[in-house]
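The next part holds the structures, each set out as C-alpha cells.
Below, subunit A partners subunit B and then partners subunit C, in two separate complexes.
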Partner chain A sequence: MKKWLVIVLIIAGIRCDGFSDQVFRTLFIGEGNACYRTFNKTHEFGCQANRENENGLIVRIDKQEDFKNLDSCWNSFYPKYSGKYWALLPVNLIRRDTISQLKSSKCLSGIVLYNSGESIHPGDESTAASHDAECPNAASDYYLQDKNEEYCERKINSRGAITRDGLMKIDWRIQMVFIDNSTDLEIIEKCYSMFNKPKEDGSSGYPYCGMSFRLANMAAGNSEICYRRGKNDAKLFQMNIDSGDAPQLCGAMHSDNIFAFPTPIPTSPTNETIITSKYMMVTARMDSFGMIPEISVGEVSVLTSIISVLAAARSMGTQIEKWQKASNTSNRNVFFAFFNGESLDYIGSGAAAYQMENGKFPQMIRSDRTHIHPIRPNELDYILEVQQIGVAKGRKYYVHVDGERYQQNKTQTDRVIDRIERGLRSHAFDLEKPSGSGDRVPPASWHSFAKADAHVQSVLLAPYGKEYEYQRVNSILDKNEWTEDEREKAIQEIEAVSTAILAAAADYVGVETDEVVAKVDKKLITTIFDCLITSNFWFDCDFMQKLDGGRYHKLFNSYGFNQKSTYISMESHTAFPTVLHWLTIFALGSDKETLNVKSEKSCSHLGQFQAFQMYTYTWQPNPYTGNFSCLKSAIVKKVMVSPAVDSQTPEEEMNTRYSTWMESVYIIESVNLYLMEDASFEYTMILIAVISALLSIFAVGRCSETTFIVDEGEPAAEGGEPL
Partner chain B sequence: MDISKLTDVKKVDLCKKYFLIGACFLPLVWIVNTFWFFSDAFCKPINAHRRQIRKYVIASIVGSIFWIIVLSAWEIFFQHYRAQGLVWTDFLTFVFPTGRV
Partner chain C sequence: MGYLLTIACYIASFSPSIALFCSFIAHDPVRIILFFLGSFFWLVSLLFSSLAWLGLSTVLPDTFLLSLTVCIIAQELSRVAYFMLLKKAQRGLNKITRQGQISVAPGVSDLHNARHMLALVCGLGMGVISALFYTMNAFAIFSGPGTIGLPNALKTGEIDTNRAGKYLPLCYTLSAILLTLFHVTWTIMVWDSCHKIGRIPSAFVPGAAAVVSHLLVTFLSSLNSRGFHVLVFAVQFLILLICIAYCNVIMGGTISSFVNGIGQSITDAVTLKQVRTLIEERKLRTQRQSVPDEPMTERAGTSNTVNA
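On to the complex of A and B.
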C-alpha cells in the first residue's frame, strides 16, 4: 500500500508546466484578435474551439492557386500526415470564390489571418470584400417590419458582399486568429519555412511545425437562450457559491453613443410645462465590423462620415450665438447624434428611439434638476445622415428619402434638399435628387425612428444610388492606402458634405445660409483626416496627442484599446468612443463662461454640484495649443443597450423591433507552436516511458521502510551510549 | 449487516421494511432489497417465511423495473428537449453546459 502511495505522490508531484517553454513557442493573443461567438435571436455565429480544431500543421495559402491544396488537404506535400491544418492566410484572399472552400474544408483546424501588406486604394474595384451582407440590417428594416417589402428585396451591397448574409453571420467549424504583430507573424512563418515548407522536389518529412490555439466560449445557441440563462430565475436550483448571481455567459453588445446639443432646451423647473420643439438630427454611425468583429477600422464605413459631421459641428460651435438666436426664434433645433452598433441592426438608434418614446432621451429626468428637455419621436422633423463619404465616383452625390413621407411634406423637404445641393455645388459636387414616391431609404438610422413615428423624414446623403459603390463596407479591408490625389478628393468630399450639412441645418433653424456655408474649416478636416485615417493609431498625430493631454490610458489588453477599431463590442473595450467624445467636446465646447476655472477639480465641481444638469464641464486641452481649459458643452455620452436585450426593459425582451445581437463571454488562450513528430516516434517514446516507469516501480519495490530510515542511534551506540 | 445470521422471521420483517421504505419513492432501496434477499427468495428451499420474502422481492423487482423505465424515459425525453435550450428544460437544469446548448 505504501509503495502505491509513494508512486501516486511522485506522479502527482510532477508539474509539467516547467517543461512547457521547452516544448512550445508561445505567442500571446489579446482579446479581440480571434473569432468568437456572437448571437442574434435565432442563431449562433462565429467560432468555437473543440477537439477537432485546436491543433494542426501550419501551411500557407499565399495566392488563389493555393486553394487547390485545400481541396486535396495538402496530401501531395504531406502524404504521411493525416491530421488537420492551420492555414496562414492574408485577409485579402477572403473573397467570394474562396470563402466556400474555407467553409466546407474538412481538413482545416483554423486560419491565421494577417494583413498582406498589399495596398488597397479607396477606388479599387477589383476587391469585393465587404464582410457585411448583401442587404445590411435586413431583419431590422423598417419596410420589412412594416410589411412593405420582402426580406432582402433591395440588395444594396451586392457588389461588395462576399456572401449573401455576411461573414459575421457564419457559424464556422474552424477557428480564426488575427496576427497583427509582425514579430509574431515572422515566428510563425519561420517555423513553417524551417519544418513544413516542401523541398524543391515537393517532398517533406517529420518533424513538422504544428500550432495549437483555443478560444472557448461560455454561451451557445442564440441570444434568447443565453440571455435567459444569465438571469437569476432561469433555474429552479440557482446555486452560485461565489456571488450568488447567475454567472455571465454572454452580454448584449453595447457601447457609448454621443449626442451633442449646440442649442439645448432646458426642462422647466416644475416639469409642468411641456415644451414642444422641432428637431433636425444630424447623424453618422460610429461602428463597423469585420469577419473577426473587432478587426475593423471602418475608414469609409465610419470615419470619413464622422469627420464631415464633426467639421459641421465645429463650424456651428464657433458661431453658436447665431444658431442659438435663430433656434429661439424658429423653435427649431439641430443636434448631432453619433450612434454606436448601427451596423448590427441599429443598436444605438433603436435604443434612442425607445428612450424617446418613453421620455428618457437624452437624459433621465429628475424633478429637482434641470436637464436637456426630453425629445419625443414626433418632434423629429428630419434625420440627416451621411454615409460612405470620400469615395464618390466622379463628383456626384445622392440624397435618399422615403418616397411616401417625402410626398407628404414635399415643399419643406425640397427646401432642405435644395440647401444640400447648394452646399455641395459650392464645392463643385452634384446632387441627384429623389425620383418619386417609390423611393426607399437604404440601411440607415432613420429605420429605427421610422418605426417609432410615422412622420419623421429621412435625408440620407451618400455617394451611392441604388447600390453601394464602395465594395468594402464593414470589412477588415476597409483600410486604404490613400494616394495624395485620393486623399485630396476625399477631403474635398468631406468638406462639401460638411458644408451641405451646415447649409441644410442653417436653413432649417433659420440662420442665414450664406453666413455659415463658407465657414467649414478645411484645415481642420485635413488634420482630423490624417489623424483618424492616415495615422496608425488614434493618438499618433500631434493634434490628437495634444487633445489627449495624457488622459488616455490603455485600460485593457484588447484589440480595441491598442489598435484602431470601431467595433461596438460588449464592454467599453475600444478607445474610439472616447476619441469621438473628446473631438465632439472640442467641436462644440466653450470656455467663454469658465475662463476663471483654473483646475480640473474646480471644473468637475461645476458639473457635480449644480441643480442645472444640462451642461457638462470637461477639463480638456485645446488640440492646437495643448493648454487645458474647462469646456462647457451639452454633450451626452451614453451607453445604449438594445431594449430587446436590456434587463432594465423586460417588457421589450427579445422584441425583434430592436437588435438582439449578443456576444459570448470567452476564454482565449495563447497560440502555441511545437514540433510534430511521426506517430511511430510517439509510440517509441510511450514505450520508453512505460519501461522507465516499470523499472522505477521495481526499483522502489525492492526497497523497504528501513531503506529510508537512518538509524540515528547507531553512531551513538558505537560511541558507547546505550541503545 | 450480515443477514445470514438472522432468523427467517427477522429476515421477513427486514425485507418488508425495505419494501415499504422503497415504496416512498425510493427505488434504490427496492434494488438493494432485491439483491439482498434474492438468494433467500429464489435460491433456497421454500417455506412460509421465504414465500413472504419472495413476495416482497418480486414486488421490489417490479417496482425497480417500473422506476428504471420511468426514469430512463424521463431522461431520454428531458435530454432530447434540453439540447434544444427550451425554457422548461433550462429551468430544471442544475448546471448549464459551457459552450454548447
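On to the complex of A and C.
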C-alpha cells in the first residue's frame, strides 16, 4: 500500500507545461500596471481586451516622426504582415499632437508605455502633459451645480491638459500596459531588435516578434448599471451559498482619508449638551492619477502640499499645550484633513461633507462612549487648502477665495489672508490677494463643503492665478528630476507655505503668532521631501525605514503597493495612506502620558478597552531614533465612499452632487512575447492534408481483411486461437 | 498560425490511421476494444519511461540517450506484455467471436488465422496514441498566435532554424504519419516473434528487427535538431518501406510480390483505375436497370395467353 502511495505521489508531483515555455517569453504584469475600465454615472472609460486587440507585432515609436507610420500601418516596413501592432511608446510622447493619432489608429492592438529616462524638471514648460481635463472636476464644480457657471467655463488647466476632458475620460479601443521593470523592457526591446527592426535597406521578413496581452473587465456600461448589477438582490443566483456573498463586478473608488485633531473636543458623556465650536480645516489632497490610473506619483499634484501641511502639523504638535489653551479660550479649533479621491470629483471631501450634514463626522457616535465631537458644516469657518507647492514662478503665491462669500465676511477673511501673507513674506515670498466679488475658487475640496453650507469660506493657497502654471497636474509625468537649486527652492516654498498655514491657523485660534512662525522645522521638510519625492520608494530613506520599523509588508502584487502611487483605487491596495497615517501620527502624536507603556500589546489595550474613544494609541517608532513608543493622538483614518455609490446611503444613490466614479473588477494576464510565422504556409498545409487523406484512402482501399488474415496451416489458429 | 493550420495538421497526420481504423476496426466492437487497449499499454510504457527518466536524471547529468533507449525498450516490452495478455484471453474471445453459433456479441469478426490482423489493430492503437502524444502540444501551439523558438532565441541571441520555422508543422505531421505506421509494423514483427518463439530457431529475428529499427528511427530523428530534416525523413521513409516489406514477408508474401503490388498500385493510381472501375460499375448498373424485371413473367403470361 505504501509503495502505491509513493508512486501516486511521484506521479502527482510531475508537472507538465506543454510547449509554452518554448513558445512564449512571459513577462509578469502586476495589478495596476495596465489600463482598465472606469465608470462615471453616464459613461465607461479605459480599456478592454477583445479578439481584435490582444495580439500584435511589436513596433517602436521613439520620436515624433514615427507617428507617421501609424497612418500607413507600417506597411513599408512589414509589407507581408496584415495584422495589428503593439507600439512601444515612451510616456513623454503622449502629447496633444499625438493623442489623436493613437486614438484613431486602426492598426494598433495596444501600446506598451515606459519611462523614457529623459529627465523632466519641475519648471519644464515644453512638456504639457497633464492627464487631467482642462477643467478638472468640472461636473462636480460648486458653481456649475449652483447654476452660476456653464460647464467648463474656466479652463484652469488648459496649458497642461492633453485633451479637453482628460485622458482618464477616454474609452480606448486599444489596450495599454506600463512596463516599469527595466529587465522586462530590455527583453521586449531585444525581441524587437532581433526580429522586427527593419534592415538598413528598410526590409524585414518573417519570423517577427509578436506580443499578446489581455485584461478582461467584469463590468461594462456606466456606474449606474454597475451599481445596480452589483446589488446582492440582483445577483441572487450567483451567490455563494457558504459565504452569502455575490461575486463583485465593480466597486466604488474608495480609500483611507486621514483626519487629525490636535485639539479634539469630546462628546459629552450623556450626549445632552451639543457643543458648538468653530473650525478651520487645513487640507491637502492625497490622490492623483494618470492615463493608466495607478501610475501616478503626484509629486507636485499631491506630495509637496502634503509635506507643507505635515510640517505645520508637526510644529503644532510640538507645542500643543499652547494651541489647546488658545482653543479652549477662543472656542476655535484647527484640524487637518487629507482627502482621498479629490481628483475624481471630490470623493473624500464629498463623503466628509455628507457625514458632517448627518452628524457622523469624524466618527459614528455611541452614547456609552466618548468620541470626538461631531463637526457640522455650519461650524466650518475656513477651509485652508494648499495646492501645487514648490513650482511657483518667481516668488509669488496666490490666494483664491469665493468672491461672494469673501464679501460677506471680508474683515475676518482679510485677517486670515494677512497672516498668510506675513508667513510667506517671512520667507521672501509675495502673495497676490483676491481681487473682488467675481473671484471663483479653482478645483478644491471647498466645493464639496460649499454645497453643504452657504457660509464656509475657501482660502486656497497656490502658486497659480487664473491658470495652472504647472503643466503636469495629475499625470504619469508628474515625476521630476530636481536639480539642487530646484529642490532648494521647492523646500523654501514648502517652508514658506507651512509657515503661512501656521500663521493663519494661530491667528484664527488665538495663539501668539510670532511664537509660532519661527518654529517650522526646515530639516524635517528637507528629510520628508527627500524621502517622499527624491527616493524611489516610500521606505527607501533612513527616516522612513525607521518610521516603518518593520511594520510595512508588501502584501499585494499591485503597482500601488510596490511602487510610488497616489491613486485612490477601488481597494486599499496602495501604500500611501499608510505612509501618510504614520507621518501624521509622528507629527501630532505624543507619548508624554504613555511613557510607562512598554509593549505593543499594552499600547493597543489602551485604545480598545476604554469608554474614552477620542484618542488612538499607536505603537510606532520615532523616525529619528527608531525606538518604539505608544503615541496618543486624535487621528482618524477612515475609508470614505462617495454617498452616490455607497450601499450604506441608498437615499443618495447616483446623486450627481457626489462623485459617481467606479472601477471594474478585472482579470489581468501576463504579457507574452512569441515568434510569428508567415501565415501563408497554412494553405500549403491544407493542401498536404487533402493529399494525405486521398493517398490514405487509395492505399488502404487496396487492402482487405484477407490481406491480414493468412491461413498458415496452424490448427489452433484455424480453430479460433490465432496467437 | 491559427486553427486552420492545426486542423490541417491533424487531418494530414491521422489520415492513414483513420483510413485503417474505418476499414478494419470501426465495424467490430472487439477490435475497437483491442485498439484502445493498445493505446493503454503504450501509455503504461510511457509512464514507466518517464519514471525511469526521473530516476536517472537524479543520478546522471545527461540522460538523454539512456532515457531514450529505456523508453524504446519499455515500449517493446509493453508490446510483448500485450501479446501475453491477449494470448491468455484468446480462448474467451474465441467464444465470443465464434461464427455459426449464437454469438454473445453479434457483429464481431472471428479470430481464425487473425494474428496479423490483431497485431494491426493493437499496433495501430499504440501508433495513434504515440503520434497524438507527440503532436498534440505542438499542434495546440500552432492554433495560437506564436510558434516555437523565441525563449531560446532571446537566450542565445540567434534563432535556431532547425528547431523553429514555418516548416515545423510539416515536420511534425510527417513524423506523426511515420510513427503511426511504424508502430503497426513493429507490433506485427514483435508478435510474430512472440508467436514463433520456441517453435523455430530464427523466431527472434522479427522482434530484433523491430527493436533495431525502432532504435534507428528514434536516433535518426534526434538529428533533426541539427538541420538534417530532409535526409532524416528520407531515411525514415525508406526504413518504413523495408519494415512494411518485411511484414509482407511475415504474412506470407515475398519481396517481389510486394514490389509488384506497389508497382501495380502506382499504375492503377496513374491510370485512375478506381475511377474507371467506378464508371464501369455504374454503366453495368444502368444497363441492368434498363432491362425490366417483369418481362419473364410477362413473357410467361404472354406465352400462356398464346397457349390459351
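Convention: the second predicted complex is superposed on the first by the 652 of 723 C-alpha atoms of A that agree within 3 Å, B and C clash if a C-alpha of one lies under 4 Å from a C-alpha of the other, contacts with A are read in each partner's own complex, and residues count from 1 in each chain.
In this section, a contact is a pair of C-beta atoms (placed from the backbone, for glycine too) under 8 Å apart; a residue touches a chain by one contact, two chains touch by 3 or more.
Nothing here was measured: the structure is a model prediction, and the numbers come from that model.
S.K.: Taking the superposition on A as described, I'd like to know which of subunit B and subunit C A:Tyr674 touches: first, second, both or neither.
M.R.: second
S.K.: Between subunit B (first) and subunit C (second), which, if any, makes contact with A:Ile686: first, second, both or neither?
M.R.: second
S.K.: Would you sort A:Ala428 into first (subunit B), second (subunit C), both or neither based on which partner it touches?
M.R.: Once the two structures are laid over each other on A, A:Ala428 reaches no partner at all.
S.K.: Is A:Ala234 in contact with subunit B, with subunit C, with both, or with neither (first, second, both, neither)?
M.R.: first
S.K.: Counting only touches as set out at the top, which of subunit B and subunit C does A:Ile225 meet: first, second, both, neither?
M.R.: first
S.K.: In the superposed arrangement, which partner chain does A:Leu595 touch: subunit B (first), subunit C (second), both, or neither?
M.R.: neither
S.K.: Which partner, subunit B or subunit C, touches the larger number of subunit A residues?
M.R.: Partner with more touched residues of subunit A: C.
S.K.: Pick one for A:Ala216: touches subunit B only (first), subunit C only (second), both, or neither.
M.R.: After superposing on A, A:Ala216 lies in contact with subunit B but is clear of subunit C.
S.K.: In their complex, what parts of subunit C are in touch with subunit A?
M.R.: Checking each residue of subunit C against subunit A gives 1-2, 4-5, 7-9, 11-13, 15-16, 18-20, 23-24, 47, 50-51, 54, 83, 86-87, 90-91, 94, 97-98, 109-118, 120, 137-138, 140-141, 144-154, 157-159, 164-170, 173, 177, 191, 194-195, 251-252, 265, 268-269, 274.
S.K.: Which of the residues in subunit B end up touching subunit A in this complex?
M.R.: Contact set of subunit B toward subunit A: 85, 87, 90-94, 96-101.
S.K.: Which residues of subunit A touch subunit B in the complex?
M.R.: Answer in residue numbers: 48, 216-222, 225, 228-229, 234-237, 239, 249.
S.K.: Could you please specify the touching residues of subunit A with respect to subunit C in the complex?
M.R.: Where subunit A meets subunit C, its residues are 7, 10-11, 14, 18-25, 55, 187, 190-191, 194-195, 206-207, 209-210, 212, 672-679, 681-682, 684-686, 688-690, 692-693, 695-703, 705, 707-712, 714, 717-723.
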